[in-house]
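Chain IDs A, B, C and D follow the sequence of writing; residue 1 opens each chain.
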Amino acid sequence: MPVPAPNLYPPFNIVRLSHVEYSVTDLGASRAFYVDTLGLQVTHEDDARIYLRAMEERGHHCVVLEQADKAEVGVLGFKLYDEPDLDKAAGFFALRGLPTEWVERPHMGRTLRVRDPWGIPLEFYVKMERLEPIHQKYRLYKGAKPLRIDHFNMFSADVDSAVAFYNEIGFRVTEYTEDDVSGKIWAAWMHRKGGVHDVAFTNGHGPRLHHTAFWVPNPLNIIDLLDLMSTTGYVGNIERGPGRHGISNAFFLYVRDPDGHRIEIYCSDYQTVDPDLEPIKWSLTDPQRQTLWGAPAPRSWFEEGSTFDGIKPVPSALTAQPIIAP
Amino acid sequence: MPVPAPNLYPPFNIVRLSHVEYSVTDLGASRAFYVDTLGLQVTHEDDARIYLRAMEERGHHCVVLEQADKAEVGVLGFKLYDEPDLDKAAGFFALRGLPTEWVERPHMGRTLRVRDPWGIPLEFYVKMERLEPIHQKYRLYKGAKPLRIDHFNMFSADVDSAVAFYNEIGFRVTEYTEDDVSGKIWAAWMHRKGGVHDVAFTNGHGPRLHHTAFWVPNPLNIIDLLDLMSTTGYVGNIERGPGRHGISNAFFLYVRDPDGHRIEIYCSDYQTVDPDLEPIKWSLTDPQRQTLWGAPAPRSWFEEGSTFDGIKPVPSALTAQPIIAP
Amino acid sequence: MPVPAPNLYPPFNIVRLSHVEYSVTDLGASRAFYVDTLGLQVTHEDDARIYLRAMEERGHHCVVLEQADKAEVGVLGFKLYDEPDLDKAAGFFALRGLPTEWVERPHMGRTLRVRDPWGIPLEFYVKMERLEPIHQKYRLYKGAKPLRIDHFNMFSADVDSAVAFYNEIGFRVTEYTEDDVSGKIWAAWMHRKGGVHDVAFTNGHGPRLHHTAFWVPNPLNIIDLLDLMSTTGYVGNIERGPGRHGISNAFFLYVRDPDGHRIEIYCSDYQTVDPDLEPIKWSLTDPQRQTLWGAPAPRSWFEEGSTFDGIKPVPSALTAQPIIAP
Amino acid sequence: MPVPAPNLYPPFNIVRLSHVEYSVTDLGASRAFYVDTLGLQVTHEDDARIYLRAMEERGHHCVVLEQADKAEVGVLGFKLYDEPDLDKAAGFFALRGLPTEWVERPHMGRTLRVRDPWGIPLEFYVKMERLEPIHQKYRLYKGAKPLRIDHFNMFSADVDSAVAFYNEIGFRVTEYTEDDVSGKIWAAWMHRKGGVHDVAFTNGHGPRLHHTAFWVPNPLNIIDLLDLMSTTGYVGNIERGPGRHGISNAFFLYVRDPDGHRIEIYCSDYQTVDPDLEPIKWSLTDPQRQTLWGAPAPRSWFEEGSTFDGIKPVPSALTAQPIIAP
């Protein structure tokens, strides 16, 4: 299926991805990972939850860690432009027959909970509690010095359809991988906020969350994190990288949290605000697609992911396989 | 005057700043500076003009150098979102009694030339010739490895009014400097594309262009440029920096081209896409405003700038002075 | 066998490793690799040979490329402290019954050619033609911006004996790997010039040259080289890395030249001038020994190397195996 | 006076500079500066003294801070190669009629205290308590991530004579500044350990200690320190930089401790182990001598320094002046 033309006048205005809620099985272990190692800042914590933000964010949180019996993903959050966009979003999802619900969420204003057509739990809001800037409080920087949440990457059992749906609500494709045999889209990167992506979809057992990415200043911060993790008991949590992606041209590292939730540390992609930006097409058989420098990703990277609360993933009908490390 | 509330529904949709046209008195000398030293890529050149783009840009040009008897600035260009925005822009400027003209411009589609209320020549367009991506042609990177044009900074003889006007057409204030005595805005930074600014205004003899800035990957690219310039005959063209701005938190360097046009090399500011982003206020007497590390800017930096074609600058009524290096 | 105590009063004074002579089968292809890609500077070339130096070196060459039918290593060169050291070296090798010869070498003063006990061809000299400094000619920097030759790494079929011999001539062990089972030294790093090593020995089919390393300013130069190689036809020449070594704590990348000679790009090890520096011991079974971040080296890295002119390598009796990538 | 030929066979073997003892007037304030800000590690502390080491050092200390009524410098320490060197040093200084004394120093073996001909207190030792490596304990890195002490820079009222004396004891000149008018050496950089210098002498009211320098991994660590200092109350302690020196080609920053002792943060000079390394000559009137990028140093940098315990500095007869910032 060809990549759809961008929808320049979407039904409601999404500004950017905003936050993710992770269920974790040991809140203390997760705190050691996200706070003491990655370097996110605690904005609120109690016995059940820890709220985190990155260094240049003024919204209350980009990650919520919630103590639970099972590790999964509660919701993916997105910020909308203005209050009317919330009502337009509710109308859009209702018209599609998708679940919608107005929910109370701490630190947030009016919040709309929906499910996408495959059951991924999403929430939309306009107002979140705003905090004082800390990006110039350099005493607080540590770990990878995460500046902001950058994107979500999801396994999808039907990437063509996922791209069509998210394109309709305004996400624009910047790069994509095509399966040369079937002509289907094997993976796609789609943005709202002007970088390579706010969301990406990869063919596989889905829906599942493949990873959440955080933006850091430069590749040396990623090297700092590798040095720190490998000398503080986290060497086994390093899954892939460092490297430069062919797709997105970003410098990356993938690590796993104590429950296996995958986190990408990411920097150096490019600006995509032009509405006529031409998507870049890659072949699934191009060995430089994943890593410009040629190193293949490990099997775990293609197979493992976090389930979403309340949704059982299904296999993809598209069986085309990428290059996997031996 | 207080900073105005952002106009979330502007009369037409500006995507980003796009390009600048510089008149230069020795095209060969300018080529040596912009191409061989800064590292911009030539996309077209003839005896009269050189068109340049930065490494991640796909539009045909971000700088036009034009051979002339006098060094000045021809026009500041901005990309609009969609064709109807061009007509809305024409209507907006006409309604204000400001000059408007549809012009033919090489490599560009329909182009609207206007003047802002102080006479600054602006041009708006939607379509510019698109070129192949070169951001992964690493053999081409050189000099400061400029990735994209980032912003224009202008002297204004009435910053309060300039902020009001540009706010009305959708630019949103991210940071500003207030003169504590008069309560007037002494300088302001305003964006469309999600960084700290597409345009900034500084109190002074205006209108004049203070500088055009280019984004580079990280501070080491700025250090590379300093090393290169200081050993290839350009040591006298280094005006200020390197340093970190208090305002914007960006890492910067200011250099002068062979005609004295000021170029900033810039990186590491922050994402500003939230429409409810609170502007950060600085006092004119704060020594860390200009440079977080405390070093004052030289007198030339506050006094010298490039005139715009056809407009004679006037003094500002606001005589409040920043901290200037001895 | 335990690591020997350093010999603080060696029979002659070696200052540092100096140069390597590589036989290559296509001088033009090698020039494209070493000069246009790595960024070494040509100091002399003719139809048969190319002499190269790195950016902060003032001696005439650190690499000699020689057109030949077969790719191998001609000689490893070392600079001695003063003229009497040359005669002391000749006496030392003669006394051992090892081959010695005074040879004429272009661009070099009195030069002593010897073989070590395993046949590795070495040459010692005091004076080499000195060139003007170029370390501040920043226009010349390119590729990985190599600053100086850093070390040789050799396969040895008897590392314990190699360490004993090179220790006797003044090389001091900084780090080593022990085979826990046999108690033998599996690999050792030994220096003269105050870094982690001028020479290293690794257990294997030997003697062969495993690699020659060049020092670069920082890890970002290694990333630049990866980006350049992977977009100019050299992606298949990237063998291992980037990563941080456990041993030496250096940041590294291994690439192969067009004939398969292995080159390491290296930075960030530590100062070792203290004569009482305690060697650091690593276990062969420690997965962080090779790469602090845990990634194993590929099989080729353990098995392939360059033969020395005139010497047929033999297998090692020590069959202990390191961790190899699947 | 011309630079003397290097003394390749000095009377005793100095390995490197080792440590400095600073008297400080508020030990707590100094701890906040050296430990919490610069990032040195405490190896011992009590009410009267704090001992510090940098991240790759295994000797017990490179800085001793001592509570006192007056801020000055107690001693400059140097490590010798072997025990006999200590006795040779004692003989050398005694023969010159200079003060010598064997002293007891905590954490150190046999220690010889002497004065140089101008009264600078020096101490020589071979053995200092050795500590476990911490260079791979990345959790401990902070501030500028100092790796090792690099050099001392001293004001001298007679640089020609200082160079002659330190040359005699084995320090080799790498770069120097000549006063074109008098032909005298205005400043000189001299090394033992293979970098640009262990000691430097600058013309001025002397003897005084101009600064002690610490080596950091790369320029971004210096930028990190600037960001930290300028947002934690130390903006007034930033004196000069960042910049690249013409002399030494190093990247630098000068800061002042709470008592005014000057500390340089330094990286990226070059290897100087060749005994035939030709010194690089600079003219006092070359504006790129101090900073390759052209920025002059402030007046304080040329005039202020720390006195040595027991010695009153005297003016220099050489009145030639460098370029000073307005």
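Everything that follows uses one rule, which is that a contact is a pair of C-beta atoms (placed from the backbone, for glycine too) under 8 Å apart; a residue touches a chain by one contact, two chains touch by 3 or more.
All values derive from a computational prediction rather than experimental measurement.
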item: Homomeric contact subunit C-subunit D: same or different residue positions, threshold half; value: same
item: Distance-maximising chain from subunit A - centres being C-alpha averages; value: D
item: More contacts between chains, B-D or B-C; value: B-D
item: Computed distance of Cα centres, subunit C from subunit B, in Å; value: 49
item: Centroid distance [mean C-alpha coordinates] between subunit D and subunit C, Å; value: 33
item: Computed distance of Cα centres, subunit D from subunit B, in Å; value: 44
item: Multi-partner residues of subunit C (each touching 2 or more other chains); value: 136, 218, 220, 227, 230-231, 292
item: List of subunit A residues in touch with subunit C within their complex; value: 218-220, 223, 226-227, 229-231, 235-236, 238, 242, 244, 251, 287-288, 292-295, 325-326
item: Footprint of subunit C on subunit D - complex, ascending; value: 8, 15-16, 56, 58-59, 79, 81-82, 126-127, 130, 133, 135-136, 147-148, 193-194, 217-218, 246, 249, 268, 270-271, 273-278, 280, 292
item: Complex contact set, residues of subunit D against subunit A; value: 136-139, 218, 220, 224, 227-228, 230-232
